[in-house]
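The following pair of complexes shares a single chain, subunit A, combined with subunit B in the former and subunit C in the latter.
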Partner chain A sequence: MMNSMNNIKEVEDLVNKTVKVLKTENIDKNQIAFEIEKLEVHRLLTVLKNTGWIQLSYLSAIDWPDENKFEVVYIVFNWEKPVYIQVRTKIDRGNPVMESILPIFPGAKYYEREAHEFFGIAFPGNPDYEKQLILENWDDIPPLRKDFDPSAYSARKFPSREYPQDFSVKDPNNKTLEKTEERKKRAKALRVGGKKQ
Partner chain B sequence: MDENKKYPKSSIFKPLRHFKYLFKRPLSHPLDTVLTAKNADYLNKNNPFRKNKLKNSQPRTGPDNLRGFHVNDWEQCIGCATCEEICPTAAIEMVPRHDLPLVAGKLQQRPVIDYGRCCFCALCVDTCTTGSLKMSKEYVFGDSNPNSFKLMPTEKWQDHEVELGYQKSEVTDLLDLKRIEMEHVSPEERVKSYIEVIRGYSKEFAKLEASRCVECGVCTASCPVQMHIPDYIRAIWEDDIEGGLKIIYETNPLPGVCGRVCTHNCETACSIAQRGEAIAIRWLKRYIIDSAPDEMYEKIFSEPVSEVINAKIAIAGSGPSSLSAAYYLRGLGYTVDVFEEKSRAGGVASFGAPEYRIPDYAVEKDINFIKKIGVNIYTNTKIGKDITLEELQKKYDAVYLGTGFFSARKLNIPGSDHPDVMGAMDFLPITRDFARGAISLEDVNVKPSVVVVGGGDVAFDVARNATRIQILKYGKANVKLTSLETLDILPGSDDEYLEGTEEYINCFLGHGPQEVVLKDGKIKGLRVTKCTRVFDETGRFNPEFDNTQETLLEGEQVFFSVGQAPDYSYIPESLKDKVIIERGKIKASQDGQVAGLDWLFVGGDIFRGPDIITGVSDGHRAAVAIDDFLYNKSKKKEQTEYMKNVREAIKFNNPDLALKPERKRTLK
Partner chain C sequence: MLSTKYTEKTKLTKDEIDRKWWEVGDYFRRNSLWLLMYCTGCCAVELPPSMTSAYDMERLGMGPMATPRQADILLVSGYLSLKTLRRLIYTYEQMSEPKYVIGLGSCPINGGIYHDSHAVINQLDQYIPVDVYVAGCMPNPESILNGFVDLMESIKNKTANSWKKYRDNNEWYKQNQKDALGEVIIHDEFHE
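On to the complex of A and B.
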């Protein structure tokens, strides 16, 4: 068996020969990632499957709202050579459509349903992609989009309750906490922005 | 691996093997070992069929590190609300507890946890500044009333002593307890000149230090002017220097000075200092001032400040309290004239504190802005000589006195009348003038070996100044410092002691001076005896000495730094019986208004003392009090909306008296 560095090198050569790679990232000695064009994903996955990367380990997405893109990530694994290959591609966030890979990896069926549920990505070619999987009767934007506000959702769905017990001990003349609050507001009003971290 | 052995062979009869469990004792825990006494009681009473079944309930304890219900030690808890801030399910709410004492470094509030929301993730425990919030091994809580699931953790769980489960460790602690190191000029280098010892933070380091702050705000009540500390630290973290500068100028018109020489009670009160090193609040303030270009100062007031109230105020002295009063009075719309006897303004910042702590350019940056908004400063004008207090009373509508403690005090021991025995306040202004090149090295009277008496910051200022002058003059230093107090009760700050000893000062702590020993008209040294106690049982200053343990500290010169005194010679005969002076300080109302002389206000050392920032707070309070006194009886011009807001802000930010935090001693 060859050592892992040779494996990575071999994978790199294979992928570069097959498709146009936009970006390569060496994650560690057992894992390498390639960013490619959307239309070449199926070709690359087919070639990888035929070369030994027979297992689809993972399929998910990342939201990049600033770029207005979703990044779909496929991770495939080879039981002979210990190298995980990540295939990444960026698709339009406004109209997120990614053709299903069911014909190549039938096991992707549930992954694609999950990605649709949490990001709203459509997978034509997968007959069930719109069926609900985990979230029951979801009535908001898909929850793993970065513009989803979990606390607003929870405030809407689970209104906070009033408890009859009151643990406070209040002195009506003591205004220290209120004053601190007022001061905070005033100081905040003086800010001119700056870069948020 | 052999494929056949990897998984066991399957058989259609396999499920039958489970029948054997029919005759075994169950492994699950019976209820009486699970429930707490309280729950068991409840079931005993309410079970209609089997009353008292759980009478002998013996609850089993949960495993180690279990994330069960919280316990919170109220003795330690400071109400900082970091637990509320971090809670991902918004289960924690701080409720006011005004029954707790209002003390420095603590807020009168405590956390209440809604166990309907809590997910037991323990982030609150990991972020707790004091380590008071912990989790117990209790995990069962039942009640028929859904309203009872909101609980206030105290030291006990449900009034029972319980075993502790999850507690944070060094690994899980979310707080950075170590301060980002500040670069100091090396001792060998800095004693050769008056170069500033502290270099100041770079942008990256300032942001790192700012990121340690949890924004709890327990510090603000300890600041005499109640600066918006968490807010300007956040501004640094977000790289918003302009916002930070504006926030700072809301409450402190001398930030460049205070960013360097403040007593920083805020850092003593800091919640991070409960277990680690306090946020370097003073140096972060300095970072904002150092990084703010001159043009940015125009944004503090976006409209020019002008007189809108037809009233004039005279200010005697130009130290921190006077400049603060002048700044706020000007912002309120008055004509302000400041009179300073010395050649430059700044008082203690320009003539007391040493150049290596606070260089002239930093003082000037602050003062220039105060001048720029229209405060007139007349230097070389001494009250009582160039202009009398009576004249001021006639010409002006109100007078503010901030003349400070600028006279030296000496101990009355044999030999202390020798010309080479000097007081700190006689010596420090000379060193400052020397550092700025106003007098030559030959004219500074420092002998090759000196003894400094005193244990406060000023004594270290004297000693470190003497070291620098000796090295310039003679090439080597020989400075001894002696104080009544030993290291554990030394009034000077830790920084001064550490930096001073690095600069070759020999400390003889815990000794009392008895006599300046003279020989042939020259000083030979200082005779000291061991000091057995400084304070008596009631805490009063009442030193006792052991005369059998005597030492002679050799030196050709002695400096006394045993306190400063005021000079009230400018108060004319006509007012002498109206101004009441108690223990050197003028008696006045909380805002500094002198009783019986409603036009006369005082602040700073001559009123409250003892430090720069308290002086600034006196100035602010007096400015608001002067406005209350004059506003209604003066003619006014129409004011712009913007300047009306400034007026309101100055009144809103009028500081309360600060809470004094207890100083933690680290040096032994």
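On to the complex of A and C.
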């Protein structure tokens, strides 16, 4: 029977049979997430690819500075069954190394380069993960880490325009303000019958 | 009846002759401006209505142009990331003089909603000179056309001199470009 709940159940059984799952999260009826050990990612992705999850939709990372971890997320997609599978794994933040999945999904090449550029994660196995992709001549820590301050960087690098007068603050000496208040009061009085208060 | 007596021609100096030729040139130039649309940001979405039958830019004598070498106006539509700025400077320097720059939206003026982004510059006129700014997020087609008319007006009044400014203060602009970009030359695997 083609039913999305059945699909989720099937996926859960398959994944639990293959690897040791640390945490399972049912995101919605079309999406399920598994957190697994770093060394078992390749085995799980190979099994998923052979059972029909042939497309890598996305690869990215999340920064958890409190836990001192990076979470690498792989999302795979099946064209026959409407289920997305997220494979998550946590790696050390101080020395972030994650082996490349290039032999399994060749399309991961550019995703891994992007993750290296924005988080500084090394992907040994990918021959040019260190090449620049989006940022050019970047001169600071990777910008999507939580301890990077974009506004301080912007203030240091790009001069902001100076205005001779600050129009965002109301001037107390401005007489037009009082006139506006008067007009508002009058409008309010008219609304209740025009009697002077 | 016209006199047949010989009158000596008034001698014009070279500067005066130059000025007259520039006036003639400016007259024709401001009535047939070619836009190079380098659609950098979201303000480019306002260009189709201003170009097509709704507002009909062509009644002002303006048209889109595909190459920078044949265009008069560089239209910067929206925010500029560092990566785009590098290509924009390439494009601007390829254009033949006289060339004019129009900045659309609030992002080229002071950064707009991207004022604290690590990837987007705050002021365009630090890197290339700008003739006309059209403020708004995003500006509607009427104000874009108004900006074009302002540019024509300032060409007529000889105040659209940004390209001369770029030539005269080239070192200052180059220094600013270097401070923000590190290096203006593009290095990536697709260009090598």
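Going forward, the second predicted complex is superposed on the first by the 159 of 197 C-alpha atoms of A that agree within 3 Å, B and C clash if a C-alpha of one lies under 4 Å from a C-alpha of the other, contacts with A are read in each partner's own complex, and residues count from 1 in each chain.
Rule of thumb we're sticking to: a contact is a pair of C-beta atoms (placed from the backbone, for glycine too) under 8 Å apart; a residue touches a chain by one contact, two chains touch by 3 or more.
Nothing here was measured: the structure is a model prediction, and the numbers come from that model.
Novice: So, A:V192: does it touch subunit B (first), subunit C (second), both, or neither?
Specialist: First partner only, subunit B.
Novice: Which holds for A:S151: it touches subunit B only (first), subunit C only (second), both, or neither?
Specialist: In the superposition, A:S151 contacts both subunit B and subunit C.
Novice: Quick one: is A:D139 in contact with subunit B, with subunit C, with both, or with neither? Answer first, second, both or neither.
Specialist: After superposing on A, A:D139 lies in contact with subunit C but is clear of subunit B.
Novice: Between subunit B and subunit C, pick out the one touching the greater number of residues of subunit A.
Specialist: Counting residues of subunit A touched by each partner, the higher count goes to B.
Novice: Contacts for A:L177 in the overlay, against subunit B (first) and subunit C (second): which applies, first, second, both or neither?
Specialist: first
Novice: With both complexes overlaid on chain A, does A:K131 touch subunit B (first), subunit C (second), both or neither?
Specialist: Only subunit C is touched by A:K131; subunit B is not.
Novice: Looking at A:N95 after the superposition, I want to know if it touches subunit B, subunit C, both of them or none. Which is it: first, second, both, neither?
Specialist: neither
Novice: Once the two structures are superposed, pull the subunit A residues common to the subunit B and subunit C interfaces.
Specialist: 151, 161
Novice: Give every residue of subunit A touching subunit B within the complex, in rising order.
Specialist: Residue list for subunit A touching subunit B: 151, 161, 163-171, 174, 176-177, 180, 182-184, 186-188, 190-197.
Novice: Given the complex with subunit C, which residues does subunit A contribute to the contact?
Specialist: Result: residues 131-132, 134-137, 139-140, 143, 148, 150-151, 153-155, 157-161 of subunit A touch subunit C.
Novice: Subunit A touches which residues of subunit C in the complex?
Specialist: By the definition above, subunit C touches subunit A via 82-83, 86, 109-111, 115-123, 126, 179-183, 186-189.
Novice: Give the list of subunit B residues in touch with subunit A in this complex.
Specialist: Contact set of subunit B toward subunit A: 90, 95-99, 102, 107-110, 112, 114, 116, 147-148, 150, 152, 217, 220-221, 226, 228, 230-232, 235, 237-240, 242-243, 246-247, 250, 649, 652-653.
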